[in-house]
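We just call them A, B, C, D, E, F and G in the order they show up, numbering each chain from 1.
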Amino acid sequence: MRAFTYNLLLTIFWLAVTEVFTLGNFLVGFALSFLILLLARPLFDEASRRYFTLFWKLPRFALLMLWEIVLSSLRVAQAVFSPRMKIQPGIIAYPLEVKSDLEITLLANLITLTPGTLSLDVSHDRKVLYVHGMFVDDPQAVARSIHESLEKAVLEVTR
Amino acid sequence: MIGAVLIAFLGALLAPWVERNLKQANWVLALLPLGLTIYFASLLPAVLEGAPLRHSVDWVPTLGVRLSFYLDGLSLLFALLICGIGTFIVIYSGGYLKGHPDLGRFYLIILLFMASMLGLVLADHFVTLFVMWELTSLTSYLLIGFNHREFRSRRAALQALLVTAGGGLALLAGLILLSGMAGTPYLSELPALQQHPLYLSALVLVLLGAFTKSAQFPFHFWLPNAMEAPTPVSAYLHSATMVKAGVYLLARLQPSLGSSEVWSSVLMAFGLVTLLTGATLTFRHTDLKRLLAYSTVAALGALVFAIGLVPLTSYYGAVGFATFLLAHSLYKGGLFMAAGAVDHEAGTRDIHQLSGLFRVMPITGVAVGLAALSLAGLPPVLGFIGKEVLYMASLQAAPAWMVGLAVLGFAVGATLATLLVVPFFRGQPPEGVHEGSPSLWLGPLVLAGLGLLVGLFPGLYNPLADAVASAVKGKAVEYHLKLWPGFNLALLLSLLTVLLGLGLYFLYPRLWAWMATDPLPGPENAYNALLRGLMRLAVGLARLLQNGSLRAYLVWTFAGLVGLVGLALLPKGLAWPQGAAPLKPALGLLVGLMLLGALAALRLRSHLGMVVVVGIVGAGVALLFLLQNAPDLAITQFLVETLTAILIALVLLQIPRLGRVPPGRPLDKLVALAFGGLITLLMLHMLGQPIAPHLSRFFAEKSLPEGFGQNIVNVILVDFRGLDTFGEIAVVGLAGLGVYALLRRRKEEH
Amino acid sequence: MLDWLVYLLVSGGVFFLFVAAVGVVRMPDLYNRMHATSKAGTLGVGLILLAVAVFYQELSVAARALSGLAFIILTAPVAAHALGRAAYLSGVKPSEETYVDELAGHYRVNHQLESPRPSEKP
Amino acid sequence: MSVILPLLVPLTTAILCLVVPYRTAQRYLSLAGALALLAAGLYLLTQLEDGIQVMQMGNWPAPFGITFVADHLSALLVLVTGVVAVAVTLYALEENDAPRERQGYHALVHFLLVGVNGAFLTGDIFNLYVWFEVLLISSFVLMVLGAERAQLSGGVKYFAVSLLSSILFLSAVGLLYGATGALNLADLATRVEALAPGLRSALAMLFLVAFGLKAAVFPFFFWLPASYPAPPVTISALFAGLLTKVGVYALIRVFTLLFTYETAFTHQVILWVAGLTLLVGALLALAQGELRRILSFQLVSHIGYMLMGLGLLSPLALTGSVFYALNHMLVISALFLVAGLIQRLGGSGVLVRLGGLYRQQPWLAVWFLLPAFSLAGLPPFSGFWAKFTLAAAGLEAGQYGIVAVALLVGLLTLLSMGIVFAEAFWKEPPKASANLEARGWAAQALPIALLALLALGLGLWAEPLLRLSQKAALELLEPSGYIQAVLGVSR
Amino acid sequence: MNTLILQTTSRFLFTLLLLLSIFLLLRGHNEPGGGFIGALVAVGAYALYALAHGLSAARQLLPLPPLRLVGLGLLIALLSGLVGLLNQQPFMTGVWFKVLGLKLGTPVIFDIGVYLTVFGALLSAIFALEESAKEVR
Amino acid sequence: MEVLLSFLVGGLFAVGVYLMLRPHLIQFLIGFLVVGNAANLLIFTAGRLGSQFPPLVPPGGELLEPIANPLPQALILTAIVIGFGLAAFGIVLFFRAQQELGTLNGEAMPEQFETAPLPSLVDEPQTPQERVPA
Amino acid sequence: MSFLEGALLALALTLPFALYRLVRGPTLADRVVGLDLITSVSVALAALYAIVSGQTAFLDVAIALALFAFLATLGLARYIEYHRQGE
């Protein structure tokens, strides 16, 4: 199921970029995507149904991310252009609630793209994400803010 | 004639097979030279008629080279000597080298030599002559080195080869010049060339060839050393035949190059010096073969001296040459073979240790006696007649002091003759020594006997001698050879010669004791010094140039490049192109950054850091391509830069870090700057030339209609110039294969 | 109207790339510099890609521009993570003013990362 | 058709060797490919009776597409390349070096031949660059195949210097294109006349260095002796026979077709380079104690002869150059292969450790002496005719200095070969040497004998090859025929 | 690099890159791209995957050993060139035909040969280097 | 523009050549990369600048002039790829050289048989064979 | 100079900053950050040039570049990971 969706996605992408919306080209695109997925067979064995829902939730999520990035960049700009940089860097260990690979990755990436924080690494047992912050006056507050604004959003998309 | 030469060569090639399959191979193989002797003898009447025989076939028409032969009296005499003496040498070799493991090879080479020598004296086209000339050097090399396990043999072989082949190369240049001057490649057709502006150059070159081959001073030293060869070789090559090749050539060219003052004076001077050198060095040795070798040197000097006399004398010079040549070949060949036989039987060649041989080796004794008579120039043998005529020639044309020196030289011949005969008659015969087999004494006996025969009946030889003399003189010569010329000044000189010779014989022990002690400085020292110097030069040069340092090699390359291109360009000054595209500020900025980044990279000590910093250059180039409307290039450049960095990182991950880096050398900086400047200069010059747009216009026009593609660059890559791309992917594919091979091997080892 | 949107997007893109550039020069240590590139840099590039999509108003161009944008958003944080982690492992120390380092001492020799021990649970 | 076969045959062979995984099949393919290449070369030569052969790749007319051209020079070189390929392949089959074969030895050899023949046949200067690179990369990989210490040490230098020469060549092509707008050689020939003389001779010098590096002339030859003694002998024999000749070919091509204007400067420089190469190479050869290193320097030295003819630029001289190049390909390959056998039988290539071969292996002595004497230019071996022709041409032109050097170097070569013969063959072996009396190398002697007898045969019956060389020389000196054949018009 | 974040991301990127690579290859005749660029992108995909998931995982995603791909690519290139020769025309003369409404010609097939060759060669190099780098990691 | 690029190319050549002359082979390789870029720029400049459009034919077939000269671009593409192949091989070659020879110093890589003893030509060898120059 | 061309130049003016970090380091990771910025700017330049030139072809440059910049960073990061701090 998930493989099929993904396949269709790739085919649409193909149609869009080649600009030839004929049945023949659809088949070519489908076949090419199929071949590639065939190559990547080992990738598709678990929880493939999730992917379909992800397809719908994606736009909303993307908008959220975009907005966070804008905010974060403005914050960096503010810091960068202020004559005396008022930053308070630090590295904190953030306990993860999310579990799956995809969730962790999404969260980590989101953290990096959002204000003042940058994911450094995930612990081997997947329980902790180490985050570098530019403005770590209070580690607890940073962790709380991550949990409130980001981790919840991720969970909403993936579950 | 061609047939004869060919048969000689082919016969030689069969020799090893014959030797392997027949018991008395020497007798069978001797049939070859014998047959040839008979063949050439059969041509005698025709040649004596005064009608030289010619025969030639195309060899290399593109170069105008013909395999061309010419038989006149001079050639015929040599041909007869070569084949005749060759017959006995082959027979003799069978006895002398009996049971030697390399005997088959020996026959092969000595017969090859005979064939070459035959070709040499018969050759008419100068290339034919030269080919045969070098072939004699080659075969001689292999023969001198026959006892190749001895260092001395190898050294002597190489020495002979270098001296004679080296002279041969000069001869080649001389002959090319001569044929160019004369407008004909045929020796028999050469006109008189003394007036030609290149005469002297050609003469010097030809003389170099002739003098080295014929062991004239100062090149004589190789000949005695060549006595490391087995005796048949010494007898044949280094006395009777090959060493006479130079003399032959001088005689052959005499009509064309002679009759100039230079010719006569050079030949007489060198001939005389060689004669005296050979004579003097006789007193340093007691080894039979060495003694004979020096005597050969002396005789060769005498022959050259005689050729120098030819244009100055009426006919004595030419006749003297003809007679003495034959006489020397006969007695010297015989003496060498006899010396070999003695050595073979008695186990030594030291004259001081030999005694009473006549009683045990009577036949050899007779042969030696007869030959010694000829050597001493005593009647009634041919050597006497030869020397007489030479004296007449000298008296006619040479200054008195030269005559005196010549007498002194010949006198040593008499001394030597005495030295050779004495061991046969003095003292007790050694134990267990007896006459060798017929093959060992047949040659000496016949040759010495011939000397006696012709001496007694000079008329037998007279027609041929006249023919020889005519050829040397360049015009018809008739001379009546007589054993008894009557009382004249020459006879008086002969008498003086013998007396002087005997006197020297009695002084010999004292002279020997005096002269043989210290090594004498001479041309051989010069040769050795030259060789040593050459090797030292080579080693020094190798250390300087091929020193193993990659940087040095690169510096040489860049320096050469800067020098050569600079030489071509700098005099033309600076060019400033016209009509260039306007400057774009963004690109200007980019250029500045690239240069800055590149320079900054030089200061880094980390490799990957350097790669990363140099990345600005790659990125800059890509951006430049981008902003100059080359999207394919920009993509490729970015991708390739990235992959290169990844590959380098992958490798650097696995090797230790850069240690201490030595500071940059000023020379490197200079070279780099000069090279960069030169490239800029070249580009400016290039931009000053209008570029023809035809190619790109064609591609742009045909890309879509005929190449069915809108991306012109891609159509060029896969269609218009698809072959380039084919080569390109081959390179990439092979690089992949190479990387795999390099790394896989390692995997297998671990 | 759309022209002005393009100009706006381009201006924003250039502005944020400048922010990133200045940040890379001015920030005190590697980790803070990475904040600049991973956020402002990504946004700057993204805005310009959006500008392209707006400028051409063609489906194929927009698809390409947006997929480019997606690539960047997907890769930039991963790159920052990889580089930051590597730098930390290789011993690049955070600057002196760094307030707290809860990562310190949690990498094993084989570069495996451990969670904080219960005693130091945040 | 005939003109592309010498490229397609090795190309097909090489690709098949890559695709076919079985080693035995690869061996037969390789031999068949070499024989087919030889046949293709012969066929091409016979086709030349009808005039210069031309093919426009992709059917795009000259000067737009890439042209393949075969005049006598190219065809002869291709033919002799085939001979060398057959000989070396025969030798290699017996060598039976399984690890190397598994790493693509046969494919690499044929790719090398692709590069060599492509370079000989292309009529496009950039395409020439591409073929140079193909042969270079093949040679790099062959050079280090097996990755032994010496191979790597020599390979590094070979690689580094070759990279440099590639860059120089590429830059020279770029400059030439920028100044004319053309890449096709015939097209270029019609356009270089309009160039400023200074730029033209500077470009000539740039090409001289770029190709001189490949041809290994003074002072750019150092990479060659550094690397050639390192790989297995089949590989160095192949390199020795072919690679430098490609550089020589390129020099001859551009200096007869493009740079014929400031000859008083350019060709005089070539003569100087030729003389120094001859002399330095010959001298350095004397300072070596190992067989293949000696041969490497001899190889370098004798490139000078080929340049000498080019510098003299007369019909006779170029005839000599062409003939010499062809002859040298055969002779030097033979000598390298002999060196391999000597090493196998005597257990070493170092002269002082050798000896006794003359007594034990007389035929090997023959197979050594024939090419050795030919190398020294002694009659009646093939090398003599080349040397004779060159000397005659030099004297004709009044260039006595270079003639003297040429003849002197002949003597030095003789000395060098004499030393080798004395040490490896004549001398007593210093110890009970490896397997002096070994038999069973006849199969490997076969290709050597083939080459050695060719050296003798081409000496005794030099006419056919000399006539062809002369034709080549005349074509080179009258480039309008070439231009006409490629462009269809003589502008 | 054994990190969760990279491993997860690389799964997406791998397929995207491969598709992009074929897109670039086939479109190259008309717009920027072509066999070489396409191949580099594909190599990038595999390099990324190998980096994140290890060499053997990446090898499993490959139908043929890389060096076979080199031979195959060269063979395709050669055959595309020979088509013209069989038509009594010079080597590499283009022959065009239509497949499923798409214009296909030997030059395009040649470009596919380029793609496979470059892909195989570079991948073989990278894999070989990764293999030897295993000891370091 | 072309003049500026001429100086850039010259400058890059100078830097690259200097790096190639440094003792360490990795530096040589980096130098080669720089010089390779410079050579490509040289060809690019040789094709002349001043274009406004990339060498792409619009679907209609009417060219927008002036397009960039496509030929140098194709040549450079070939050159880049070849240079990349060589560089890739070179990196690994140097790597293996480092492993086997223990150094990457191009000045410290002895040549094979560089020091093989020379046979004696003039003087008879005293000890059985090995001797230094004549 | 149009607005967009001005933007192009302005974008190029960020490069000196990146070069500064590239050259100054001090660690290799810092240089990589500099290089990262350069590639980001290059992507932006390519995209912007796609507008300036009116040729969408340059958009593909931007996309290909964006993807590969990521790879370069990863490759270098791996090197850094296994080398001690500094260079």
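Just so it is clear, a contact is a pair of C-beta atoms (placed from the backbone, for glycine too) under 8 Å apart; a residue touches a chain by one contact, two chains touch by 3 or more.
Just so we're clear, the structure is a prediction, and the values are computed from it rather than from any experiment.
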Hopping along touching chains only, can you work out the least number of steps from subunit A to subunit F? 2
Contact-richer chain pair [C-G vs F-G]: C-G
Which chain has the mean of its C-alpha atoms lying nearest to the mean of all protein C-alpha atoms shown? D
Hey, which chain ends up farthest from subunit D, C-alpha centres compared? A
Where the CA atoms of subunit C average out and where those of subunit F average out, how many Å apart are those spots? 36
Measuring from the mean C-alpha position of subunit A to the mean C-alpha position of subunit B, what distance in angstrom results? 84
Please tell me the distance, in whole Å, between the geometric centres of subunit C and subunit E computed from their C-alpha atoms. 30
Calculate how many whole Å lie between the centre of subunit A and the centre of subunit G, each centre taken as the average of the chain's C-alpha atoms. 22
Multi-partner residues in subunit G (2 or more other chains touched) are 15, 32, 34, 53, 55, 57-58, 60-61, 63-64, 67-71, 74-78, 81-83
In subunit C, which residues are in touch with two or more of the other chains? 20, 22, 34, 42, 44, 60, 64, 67, 71, 74-76, 78, 81-82, 85-86, 111-112
Where subunit B touches two or more other chains at once, by residue number: 151, 158, 535, 539, 546, 548, 550, 552, 554, 629, 631-632, 635-636, 639-640, 642-643, 646-647, 650-654, 679, 683, 686-687, 691, 695, 699, 709-711, 717, 719-725, 728-740, 742-744, 746
If we use the touch criterion from the header, which chain pairs count as touching? A-C, A-E, B-D, B-E, B-F, B-G, C-E, C-G, D-E, D-F, E-F, E-G, F-G
Under the touch definition given earlier, write down the residues of subunit C that touch subunit G in their complex. 6-7, 10-11, 13-14, 17-18, 20-22, 24-25, 30, 33-34, 37, 41-42, 44-45, 48-49, 51-52, 55-56, 58, 60-61, 64-65, 67-68, 71-72, 75-76, 78-79, 82-83, 85-87, 89-93, 111
Per the touch rule, the subunit B residues reaching subunit E in their complex are 631-632, 635-636, 639-640, 642-643, 646-647, 650-651, 653-654, 707-711, 714-715, 717-719, 722-723, 725-726, 729-730, 732-737, 739-740, 742-744, 746-747
Mind pulling up the subunit D residues that touch subunit B in the complex? 18, 57-58, 60, 63-66, 99, 103-104, 107-108, 111, 114-115, 118, 122, 126-127, 130-131, 133-134, 137-138, 140-141, 144-147, 156-157, 160-161, 164, 168, 171, 175, 177-183, 191, 194-199, 201-206, 208-209, 213, 219-220, 222-223, 225-226, 262, 265-266, 269, 280, 283-288, 319, 358-359, 362, 373, 378-380, 384-385, 388-389, 391-392, 395-396, 403-404, 407-408, 410-411, 414-415, 418-419, 422, 425-428, 462-463, 466-467, 470
For subunit E, which residues are in contact with subunit C within the complex? 1-3, 5-6, 9, 12-13, 16
Residues of subunit F touching subunit B in the complex: 1-15, 17-30, 33-34, 37-38, 40-42, 44-59, 61, 63, 67-71, 73-78, 80-82, 84-89, 91-96, 98-99, 104, 106-107, 109-111, 114, 118, 120-122, 124-125, 133-134
